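For reference, the structure discussed in these notes is given below.
Chain IDs A, B, C, D and E follow the sequence of writing; residue 1 opens each chain.
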Amino acid sequence: MFIKEYISEIAKATKSLWTGMKLTGHYFVRPKTVITQQYPDNRDTLKMADRFRGEVTMPHDENNQHACTGCTACELACPNATIKVITKFELTPENKKKKALDTFVYHLDMCTLCGLCVDACPSGAIQMGQNFEHSVYDRSTLTKKLNKPGSKIREGVE
Amino acid sequence: MTNEVIKELVSGPLPSATFDESGEWLTIQIDAAQWKQLATLLYNAPYHFDYLFCLTCVDWKTHFTTVYHLTSTCHRQAIVVKAKVDRNDPQIETVSDIWKTADFHEREVFDLFGVRFINHSDLRRLILTEDFEGYPLRKDFEDPVNMIKL
Amino acid sequence: MYSLHAITNSVQNWLNARLSSTWVLIIESLIVIVLAIALFAALGLILVWLERKVAAHMQIRLGPNRLGPAGIFQTSADTLKLILKEGLTPDGADKFLFNFAPFVVMIVAMLLLAPIAFANGFQIWNINIGVLYISAISSLSVIGILIAGWASNNKYSLLGAMRSGAQIVSYELSAGLSILTIVVLTGSLQMTDIVQAQQNGWWIFKGHIPVIIAFIIFIIAATAETNRAPFDLAEAESELTAGFHTEYSGMKFALFFLAEYINIFIVCAIGATLFLGGWMPFHMGNWTQFNHVMDFIPSSIWFFGKTFFLIFLIMWFRWTFPRLRVDQLLNLEWKYLLPVSLFNLLLVTLIAIMNWHF
Amino acid sequence: MGAFSLIVLTIAAIAFSAGGILAGKLFTKGSRNAQKGQPYECGIPTQTSPWHQFNVGYYLFALLFLIFDVEMVFMYPWAVVVKKVGITALFEILIFIFILFMGFLYAHKKGALKWM
Amino acid sequence: MYTETQIVNNSDDELVVNVGPQHPATHGVLHLVITLQGETIKKVEPHLGYIHRSIEKMCESLTYRQFIYATSRMDYLSAHINNHACALTVEKGLQIEVPQRAQYIRVIMDELTRIASHELWWGAMAMDLGAFTPFFYAFREREMITEIMEETCGARLTMNYMVPGGVMTDLHPDFQKKVKAFIQLFRSKIDEYDELVTGNIIFQNRMKGVGYLSKEDAISYGCTGAVARASGVSCDIRKLYPYDVYDKVAFDEILETEGDSFARYMIRMREMKESIKMIEQLIDNIPEGDYQAKTKAVLKLPKGDFYTRVETARGELGVYIVSEGATTPYRIKFRSPGFSNLSALDQMARGGKLGDLMATMGTLDLVIPDIDR
């Protein structure tokens, strides 16, 4: 019947609206369910995942030594020409010439953080860092030199 | 339905078509002029290749090939048609009246390769601006501003 | 116990004792102007903040929380930002109408304040046809929106204005009919009379189900008349970017924005007055003790409490429901709300005549 | 305060709006160029003017509204006296609403409420 | 930009409105030119290219290991699946046998990506219809997935996790535990979605009967994914041409026949539940072993062309590689699902209201970088 249908339609509609309102009301009265993070405030406690790819870093040990042999595998693996490895020749104790790293230039502004360079590195010299706060005022500061001044290759890394 | 049946079907009206079965699917190689005839043939019953799932173009420096991947939603048989297009005067009959999806795909190919699709209802640049010069996906395209040679 | 009524009386007496009647009028006018502007500014700031907080908590986030405790100064900062923005007039616009529209909207919003009883005896104009006055003035606000949409020379604005016109005009019918139910029960168009009639109980409690239905229809119509989601088709940002105020920027936009919130306040105030007893405290039959406690709460608190409850209800709608389509919106009015409210009016008439209400 | 309050409130509204806009003008340094003056249409230069005749389909609702709103104005005086008049008022309004409703049904049947 | 072609041939009562590139409903830089008559849509004409990066051209100069990263940027919501498709194509060319463990991981990741993508779609679509709150509820669950991804893959959106021969790194030790916790939570939350949106009368009225696409049109326009399945076209690549371990999982291909926006909506909602089922079957049975097959340092595909189809969250993604035997592809073509789905928009939106267009576009689930590539 028309009137009956008409009324039941209204009743059904009202019920469906009320179900939705109940849900939003449910969350409204429960401030504990808030999921947002107070980002700059929680910086000290913010823990990024270990594998998070934030930037390419080159770990140095306490003797200011790294593991980069200057083989340019990372440079070749990089799809965007983000990495430029500049090598030099050093004399070994046996008075032989040996290729060594001079400067490891890393263009963070071109990096897509794909992790292919780390994958390609045969000596584990570079790693992905967890830092994600990369905003700077001048783009030129995003071109980084990853090996620290005066650093040397670690003994035994070939 | 096997590849043999299709071969038989195609080689009747189009004796110059060549077949290649080395890939995953049967590949039919034809000339641009024969494409419309073949398309109509393939679309109509009983084989009913009603689903054009990929349309693209390859620049071979000497010529283009437009590549059509077709399948049938009832028989699930896929075939590939490669039509050879002249590079100096690239044109081929449109199939947007058979498969509507070809409308956009042909416009994209026109935009990026410069292949003109004859009788296409609305052949305009789809992605690039109207005043753009050159066809970026051609092998000899050079863009001194945006392209970085590695 | 102090009350706003006493304060106004003493101020008037104090003025009357010292000045001539013309000066009293001028000074009173100035006081009214200052109070009205202060109310507008305060409401704008509070309601926008409240909306953002309500929205945030429904959306499991915190909302503004940086500027001041719980972010209460956020809206002040926003206003400051809007003041510092350039108020642009597009080249192709009808310059006079474009700049005139915000004034129309504001004037309408301001005029609607006149008959509202904010507290016991605290009212700008105790007009004897208060309800009719509100119906008449509130329908003017659509003109401001139409002017704004038309003058912008923008397609979104124009479509938004057209939608708004059809919508406000349609929903005015069911709003008017649900207001009429209360008029029928009270037998008066005066706001004070309507409030007084609810001394022994609010209409929503005494009037059986028909009044509750009228109340629901009124809330729906009020939401629609103020262009609020789910009826915000005039702005429908996913369809018309910003609807009728697409071209407005800076303070001109702020005035539209403010007027929207003021209008919400006003319709909710009217709703509270008609259905929830205005400034009348909550009384329970013969519980004298309880009634005394309730009386102790100032009448202005009662009024604002009820109004803000209704405002919360409208905000709750907004942050729960999707938007209606424009033809569905008109369908809802013409096929559901209007017949139902007509029928409902008859029921209420029967109740009123038979004295079946409490 | 009486009807004089209307003037007072209008002045208040104008003062408020004008004050806001003037304050805005005071603090901003406007610059103008051709792009800035264009109407907003998602960043694309607008092609046709919106100021030409086009079909919106709202006008039927406007006409219907006119009918109903006028009827409603008649109902206000009735509503005030309904309690005093008693049961006669109910029948009167029944007839009134019946006629109104017939008109409404007619409009509905004619398809006036259907969106074109 | 497009001025010359559009102005003319407008009859008097028509209004040409641009929706996009800067419009809240287009979720990106899609540009639609809409011809309106009153509120009724006469024609919708998409203009593309605002975010075209010519990934196909770029890939021609990248090696077979490198080009995969670029595909994460196409359909960024199903980055895993894009990478998966590329890895599969290279594997097909090189005939590499992928270890079982890697196959399991890949499928689980694909399905998690699908859920994440559908969640975002759900929120964004509700936003198109004017409801803001669902967006945040959807993100609450999506955040759990992105956190799982972050732990294992190292990124939240553009993962670059699948490499030719397997996956880049092994699973995080907590992976299984977290996925199970997510599944448990998600099952309860999906009811909330239904309460808030699916059952809502306004929503249903907005969606039902809107943006109708017939089965024939769906096939002819080359629609895939939820768009085609809502019209009754069986086109789930996972079922028809299973890759990796999809043939070992029991799941249903979700089909509806109405062809309207609500059917497309329901398909995606049901797909999420189906994905949960698939993950549940796989998560406890990940075999031990290598996660990556031994491959050469420099990959060279043999001469020939290779085509792979996978099912992304939006539909069928085809990767077509023409190889000349070099270290880089000679020509690469991505057949993106959004591109074909978008071409059907005109057909679907015609005759509807302006509000219907938003409902239709919302259920098409357009990701503009996927269309523009």
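Everything that follows uses one rule, which is that contacts are C-beta pairs under 8 Å (C-beta built on N, C-alpha and C of every residue); 3 or more make two chains touch, one makes a residue touch a chain.
In UniProt terms the chains read A = 4Fe-4S binding protein; B = NADH-quinone oxidoreductase; C = NADH-quinone oxidoreductase subunit H; D = NADH-quinone oxidoreductase subunit; E = NADH-quinone oxidoreductase subunit D.
Treat the numbers as computed from the prediction; the structure is a model and nothing was measured.
Visitor: What chains do chain C and chain D have as common neighbours?
Guide: Output, common partners of chain C and chain D: E.
Visitor: Through how few touching steps can chain B be joined to chain C?
Guide: Between chain B and chain C, the shortest chain-hopping route counts 2.
Visitor: Count the C-beta pairs in contact for every pair of chains, then give the pair with the highest total.
Guide: Greatest number of C-beta pairs in contact occurs for C-D.
Visitor: If you average the Cα atoms of each chain, whose average lands nearest the overall Cα average?
Guide: E
Visitor: Compare the CA centroid of chain A with every other chain's and tell me the farthest one.
Guide: It is D.
Visitor: For chain B and chain D, let me know how many angstrom lie between their CA-based centres, rounded off.
Guide: Roughly 57 Å, centre to centre.
Visitor: Where the centres are mean C-alpha positions, what is the separation of chain C from chain E, in Å?
Guide: About 45 Å separates the centre of chain C from that of chain E.
Visitor: How many Å are there between the centre of chain B and the centre of chain E, using C-alpha atoms for each centre?
Guide: Those two chain centres are 25 Å apart.
Visitor: Once you find the CA centre of chain A and the CA centre of chain C, what distance in Å lies between them?
Guide: Centre separation, chain A to chain C: 51 Å.
Visitor: Provide the list of chain A residues touching at least two other chains, using ranges where the numbers run on.
Guide: Only 17, 20, 23-24, 35 qualify.
Visitor: Which residues does chain D have that touch at least 2 chains other than itself?
Guide: 41-42, 46, 50, 56, 115
Visitor: If I count partner chains per residue in chain B, which residues reach a count of at least 2?
Guide: As it turns out, chain B has residues touching two or more other chains at 150.
Visitor: Throw together a list of every chain pair that touches.
Guide: A-C, A-E, B-E, C-D, C-E, D-E
Visitor: Inside the complex, what are the residues of chain C that reach chain E?
Guide: Against chain E, the touching part of chain C is residues 55, 58-61, 155-156, 159, 229-230, 232-233, 236-241, 319-328.
Visitor: Taking the touch rule as given, give the residues of chain D at its contact with chain C in the complex, in rising order.
Guide: Within the complex, chain D contacts chain C at residues 1-6, 8-18, 20-21, 23-25, 27-30, 34, 36-42, 46, 49-51, 56, 58, 61-62, 64-65, 68-69, 72, 75-76, 79-84, 86-87, 89-90, 93-94, 97, 100-101, 104, 108, 113, 115.
Visitor: Using the touch definition from the top, list the residues of chain E that touch chain B in their complex.
Guide: Contact set of chain E toward chain B: 1-2, 4-5, 47-49, 52, 54, 56-57, 61, 92, 217, 219-224, 233-235, 240, 304-307, 309, 316, 318, 320, 322, 330-331, 333, 335, 339-340, 342-344, 347, 372.
Visitor: Would you tell me which residues of chain E are touching chain C in their complex?
Guide: 15, 17, 23-25, 36, 39, 126-133, 135-137, 140, 196-197, 200, 202-203, 205-206, 353-358
Visitor: Would you tell me which residues of chain A are touching chain E in their complex?
Guide: For this pair, the touching residues of chain A are 12-13, 16-17, 19-20, 22-24, 35, 48-53, 77-79, 112-116, 119, 128.
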